[in-house]
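Take a look at these structures.
Shared between the two complexes below is subunit A, which has subunit B as its partner in the first and subunit C in the second.
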Partner chain A sequence: MFITFKNKSISAILSVIPNNKVTYEEGLKNYNFSRSKSMKLKKIMGFNTRYIANKTTTVSDLSVYGIEYLLKNKILNKKDISGIILVTQTPDYIIPPTSNIIQSRLNLPDDTLCLDINQGCAGYLIGLMICFNILDTKKFKKILLINGDVLSKKVSKFDRNTHPLIGDGAAISVIENKKNSNFFFSVNMDGKNADFLKIQAGGIKTPSSKLTAKLKKDLHGNTRSLENLSMKGDEVYLFIMSIVPSMISKLLKKNRVDIKRIKYFFFHQPNQFILKKLSEKMNISEKIMPNNIVGLFGNSSGATIPINICNNFVKKKNFNDNTVCLAGFGVGLTWASAIINLSSLKYKKIIKYS
Partner chain B sequence: MTLEKFLVELSEIFEIKKINKNQKITNLKNWDSLTSLSVLSLIDSKFKNIKINVSKIEKFKSITELYNYVSKK
Partner chain C sequence: MKSDLIKKNILKIIKKMKHDDKINLETNLISRGLLDSFDIIILVSQIEKKFKIKISGDKINLKNFLNINKISKLVKNVYHF
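And now, the complex of A and B:
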């Protein structure tokens, strides 16, 4: 599905990273693989450091910390906040929505729209689309799009398949109506392959129990419980390699945008290996398709695209030189992409939660 | 890609000097989640229109059979 939005802007992005820095090497003792094999994995996947939330730190903590920082530094005025759209797969509670908890902790008025969205790797694009749709009603001033996850709490430390890549974080984007160029989106879903990325237990279908908490070794020697995130790495790899290049070329073609006009490709950051393979297959230089986020911060699901922008985007004076392409792909399965102009991005920063 | 070239690529992935084409790929010393992903990536980038995943790769009785399948021989 292709969608075009007019006159929308992302005016600020603040990324909040937890303050516990962990290194890849710290996890080695728990993996069922030799050190040399695991060090080879590190090199190929681009693993290095990542940031993990404390046992008690939640998505609402990271979000409130970030929003208060924006308010204190006068990037944002409290009375302008008319909505909180939170994209997360690790909410504070099953009920109520975590966005309502954030609203309450910030003492926002009762005409603030609060909405939680269960989305992951493509969550920045899905979140932007929802925000843009809501802004089209013209009833809203500024919407805070929050992409936050503390997935490190849901991975097994004995699972080399997921543990070394997952980091935590929250990114707050300020979204508003503003004269700008058109924003082009594409979005697709495939629920048939939803099992590729899944937490089996802890919901209503399979409630947590002693049995679901039990650690089990898989065929490759990784150990996890039904309450941990499980990922079919090879299937996810094939899915990404088969859909992302064609998704981007279709989006460009549909909207008659020359690929040379795209100054950056800010993609979701699953690991460096996949991103290098994508830039090879798409014939796009790694310089304009950054792949450094997993090694610096870890893969924080829907927060990786805004963190990627905060870390790697260099704004140019000329309006047209700020056209970028975003793409998210994963959980759902979901794949989505967008061509947007970041000229109106006035503020971006990465801060540590404390 | 010829079978010989395929074997050279595999020997680089598995860090084995000479690969015996008659053996099962899963019997190679370094067969694990990382090398299997590298094989998958090799096949995905060098052979066109092949539907394959790791569990399918694991089923071939020999490396020659795997090669014949992906190169449609």
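And now, the complex of A and C:
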């Protein structure tokens, strides 16, 4: 599905990273593999450091910390906040929505729209589309799009498939109506392959029990319980390689945008190997398709793209030189991409939660 | 590069990687559990370095890494391309 939005802008992005820095090497003793094999993988996949929330820190903690930072530093005025759209797979509670918790903790008025969306690696694109649609009603001033996850809490430390790459974090993007170029989106979903990335137990279908908490070793020597994130790595890899290049190509063609107009490709970052293979296949220089986020911060699901922008985007004076392409792909399965202009981005920063 | 030489080099890489001298050109590397998805990624990296090639991301799948003959065919095709 292709969608076009007019006169929308992202005016600020603040990324909040937990304080606990962990290294890839710290996890090696828990993996059922030789150190030399694990170290080869480190180099190829680009694994290095990640930031992990402590036991009691939740998505609402990271989000409130970030929003208060924006208010304190006068990047945002409380009276301008019309809505909170939170994209997360790790809400504080099943009920109520975490966005309502955030509203309450910030003492925002009761006409603030609060909405939780369960999405992962494509969550930034999905969140932007929802915000833009809401802003089209013209009844809202500024909407805070929050992409936050503390998925490290749902990952087995004995699972080398997921443990070395998952980081935690939250990114707050300030979205508003503003004269701008058209923003082009594409989005697709495939629930038939939802099992590729799944936490089997802990919901209503399979409630948590002693049985679901029991650790089991898989065929490849990774150990996890049904309450942990499980990822079919080879299937996910093939899914990404088969859909991402054609998705971008179709988006560009549909909207008659020359690929040379794109100054950056800010993609979700599961690992460096995938990003390098995508850049090779799409014939795009690694210089404009950054792949450093997974090694610096870990893969924090929907927050990875805004963290990528905060860390790597360099704004240019010429309006057209700020056209970028975003792409997210993962849980659902969901894949989405966008061509947007970041000329209106006045503020971007990465801070540590404390 | 000739097919035989490609096969010989790949066999050498895999034998060294898996510490297994019994592997031959037809050994099913997947069903015998000799290569998992991480092994394939490491193998791709070593093959790319050895043969100074780039294997297209969409060619990296279990089917193309079933045995050394299949891997050699993949490498040979990259050369011809």
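We take it that the second predicted complex is superposed on the first by the 354 of 354 C-alpha atoms of A that agree within 3 Å, B and C clash if a C-alpha of one lies under 4 Å from a C-alpha of the other, contacts with A are read in each partner's own complex, and residues count from 1 in each chain.
One rule holds for everything that comes next: a contact is a pair of C-beta atoms (placed from the backbone, for glycine too) under 8 Å apart; a residue touches a chain by one contact, two chains touch by 3 or more.
Source: prediction; values computed, not measured.
Upon superposition of the two complexes on subunit A, a steric clash is found between subunit B and subunit C. In the superposed pair of complexes, A:N133 makes contact with neither subunit B nor subunit C. Residue contacts after overlaying the shared chain place A:N30 against neither subunit B nor subunit C.
When the shared chain is aligned, no partner comes close enough to touch A:S208: not subunit B, not subunit C. When the shared chain is aligned, no partner comes close enough to touch A:N77: not subunit B, not subunit C.
When the shared chain is aligned, no partner comes close enough to touch A:S249: not subunit B, not subunit C. Once chain A of one complex is fitted onto chain A of the other, the partner contacts of A:N320 are absent, as it touches neither subunit B nor subunit C.
Note: residues 33, 37, 40-41, 44, 160, 220, 233-234, 237-238, 241, 273, 277, 280-281 of subunit A belong to the subunit B contact set and to the subunit C contact set alike, using the contact criterion stated above. Contact residues of subunit B toward subunit A in the complex are 30, 32-34, 36-38, 40-41, 44-45, 53-54. Within the complex formed with subunit B, the subunit A residues making contact are 33, 37, 40-41, 44, 160-161, 220-222, 233-235, 237-238, 241, 273, 277, 280-281.
Subunit C contributes residues 33, 36-38, 40-42, 45, 54, 56-58, 60-62 to its touches with subunit A in the complex. Within the complex formed with subunit C, the subunit A residues making contact are 33, 37, 40-41, 44-45, 160, 219-220, 233-234, 237-238, 241-242, 273-274, 277-278, 280-281.
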